[in-house]
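Comments concern the structure below.
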């Protein structure tokens, strides 16, 4: 038996060896004109390009940098179990000047690879990139955390929900509970915003899954069931922070509106989902809480070029339009004034939006 | 002489299947690559060039370590004709509890490490044992019960455990870091870089060869020796091959089922050690799916320790290759999964074919022997 | 008129066995033709060839005078040959009508089944052959005999004029056998030709017009049933050169090896063995006779320990082992030759030297403490191979490669090799060739002479009478007679086995 397995190994080597020998080193050269900007390695979170949400927003930032800053870039997505995140970052660091990691799941690996590659700029979306074990200092001057004040944007869509609700009941659907309080920030802001408009409004909250079960970010069927139950229970505006599951919310809203002839609404998240979702359901999307990952990606590349990279967190909040709300579709045109007033109060500090649902 | 000849023949037929499978998988993958518009030769060349780097080899070994342990865990069940789908839930639960216990206590290194390993094995064994007991007392098929237990573990017990035991809370702001209390340095297996560097150049790019590799090797050797050479191993294989004959032969079937499930679970408990021993915590986003990957490893490795080793290395090599293929742009990462699937598929078919060929050959030989005596 | 079926020189070989060796068979139109022979004489293979399930290696096959070659059963069906298998192929949840038309449903436009037409055709068929069934009954509610009737109708429904019945009486109780025979005569009267496979002589003589006898794969004679007697037929079946199982003088001693007291064993809450008392001494063979399903299998399981005992005690060499494990009993010296050697005796895919250890793996030379002893296993296997004449190219081949007889010799050798004090042998010569049968008998006799206590369960009454020192007859889980084999004939045994006779002083 032992011998036979060695045969296997030899055969493997032989099989690949033949192929390898047959090929010369003929790397094809790019036909386009030589770009002048830095090289950027973009490492997506699981799912990669085409998720109509988070990863696509990052890709949009890269495309803009390519057009405006003349960068070259490579991109990669981890294996389905996320086991090779660190290797991907390392490969990107080897061949690029700027490495952008999309998602907080890269935090530990990005810190390690970033420390080992001090000459490379690292930008990690959704993580502060602070070493809490050593007094919350940045891991390194080259390692930037690109974080968003989702609670502020969520506050505004919460206010919009309360302003539009006629039943006095609204809902929140979170993707995954217990991942460092990330999705809870959306919930906290949403609740606070709704209460700012109507202190008596009733808000029902539900999470699809809890860590370590990450299916909640990609379970539209479960989101649909939850949303349907919320609408049937009397909620007429439901906000989701559940990534790819959001499609289920939109379907549920559309179906309920058509079946009951009641004007229920859904609120999108991250990108302007009126533009990205299935055209058939767009007229139920009241607004979307915008999280400008594209801006963050573009800005970190620009900072690199300008030599202005700062280690540790850079916060994208309402004051820099890092978060916000969308008006596409025109469904919130009648309340824009009120929303802008809230926005001004948040920027000025008159309103401090909580990050923990318990405090909202 | 005849014995040597028959052993040689056996090796030939044993090796034939994996070689056939591999050749087929490479050929079929090339077709897929061509159809997808990639250059297969470029892709394979990138993969091999990448894999020949010392740092990549470390990556491959680090990936192969948990795959191998998971493969052995599944193989223990298979040897007994038990389909332990529950390796997944067992290792995650075991890693969580072991990380929590390891983070709570402060002990000298050998004791600390031993305690963590012991806790992990016990939790895995107990959780798997539930499925075994359900099977012998209530007749619940282990596939059903382990699927249920997986769900209970990942969406119930681990969720609750993570919440109850999570450290680093209360930092406020944009803190995203969660997981169990970090284990002291004394509770982590040291990396093997020093050992490797005796034979090679210094390992660069921040790579560390996991110390859990030593545990994996110990598991593999123990499995090989105990299953192949011990009385218990004989009982296990006999029960798996023919439970009725084994029963008549004095091997209690129910006890063997429970024992096999417990042992499978104990080994499964070690799968998560790379995660918690290297990182020091059980994170909110642990590497999942290793239990299912282990089934594939056991399948490809034909439930032997050496086979599982080769299978784990092949899968690890392919997993690690997904990065370089994307980085160089020579192929999309999906090709890696396609190749893994093709290898398993081809291996299953090839094993069947050679198994039948061998059976025919033996029957013919036996018939010849009979005729020779008769005439 | 041409013969319904004519087989000339049919030969079929399997690895290690010639199942059919130049078999000739001629079946006239409209007769009931029995093919009889011992287990392993080649009857089933011949029928499978005739029904297109297997291909003959040599020989010619004619149906209604025309030479044919079948590749699959539908070829045979097309020519009006139908087979009623020993094991029914019916689904419990279907009705009689559904079962009969399954696979040849008349359809309406759009693929719907035309149940009306089917029902009419079924009625026609049952009328024509005088077989009554209720088309709407569920199969699960039918008695065994009725199910068999459904199988027969199913074949007739497809237009068969030649019916092959493979041991049709094996599953029937006597009244059902009579009913079946009435039906078969009815079929014959309506023009069907019937090929009837059996090894029960009385039945063959009662129903058949002509009998062809197979022995060791060869057709040895074709006779008119009216011209032969059962003993003559038996002689044709077993041949005169066959060894007899008869043992010489008694070797029974006074040392009790096995003492079974008031044994009761339950199955699904009902007793399948009750009040059984058996004593076996050193050098004694106790034979257990009984129609299959009267508790012998459960008794054997209870003694070796694979089935829990509901009441009574089992003592081995004076120790109560009633609650002890199989392994404990094995270590105390119980050897076991199981009734189904492939199911209970062997690891078919494992090499012989591993099979040799099965059941003895806790003892020398197979193991030493925690570890198996490979060289000990191999040496012991070689010894078994040479001492018990196991014909195999080497000891590394998998057990499945051996012929049935050699597998059985290997099992007997394995059990004898560890010198048991009690041997439990269930049908030790079932389905093996005469050579192996003689070898097994010799081994049992030698072991008896050496002081082995043996419990022998067998359906072969000659074997029982020949080898046993005492015979007990089991009927409905009880011992109904204890007999001296020197003073008993198979006919007497049969009477006790069917409950026709009873012995008041049965132990």
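First chain written, first letter: the chains are A, B and C, and each begins at residue 1.
Definition applied: a residue touches a chain if its C-beta (ideal position, glycine included) is under 8 Å from a C-beta of that chain, and two chains touch if they have at least 3 such contacts.
What you are looking at is a predicted structure, and each value in this text was computed from that prediction instead of being measured.
When you average the Cα atoms of each chain and compare centres, the chain farthest from chain B turns out to be C. The most centrally placed chain, judged by C-alpha centroids, is B. Averaged Cα coordinates give chain A a centre that lies 33 Å from the centre of chain B.
With centres taken as mean Cα positions, chain C sits 71 Å from chain A. Each chain gets one centre point, the mean of its Cα atoms, and the points for chain B and chain C are 45 Å apart. Interface residues of chain A, counted against chain B in their complex, comprise 1-5, 7-9, 11-12, 15-17, 19-20, 22-23, 25-27, 41, 74-77, 79-84, 87-88, 90-92, 94-95, 104-105, 107-108, 112-113, 115-116, 126-128, 132-133, 136, 145, 147, 178-182, 209-214, 313, 315, 355.
In the complex of the two chains, the chain C residues touching chain B come out as 15-17, 304, 306, 325-331, 336, 338, 343-350, 354, 357-362, 367, 369-372, 374, 391-394, 396-398, 400-403, 406. Taken in their complex, chain B has these residues touching chain C: 2-3, 6-7, 10, 229-235, 237-238, 241-242, 244-252, 359, 362-370, 373. On chain B, the positions that touch chain A within their shared complex are 11, 14-15, 18-19, 22-23, 26, 40-42, 44-45, 47-49, 55, 59, 63, 92, 154-155, 158-159, 162-163, 166, 168, 171-178, 182, 205-206, 279, 283-290, 293, 304, 306-307, 309-310, 313-314, 319-320, 322-324, 326-329, 333, 336-337.
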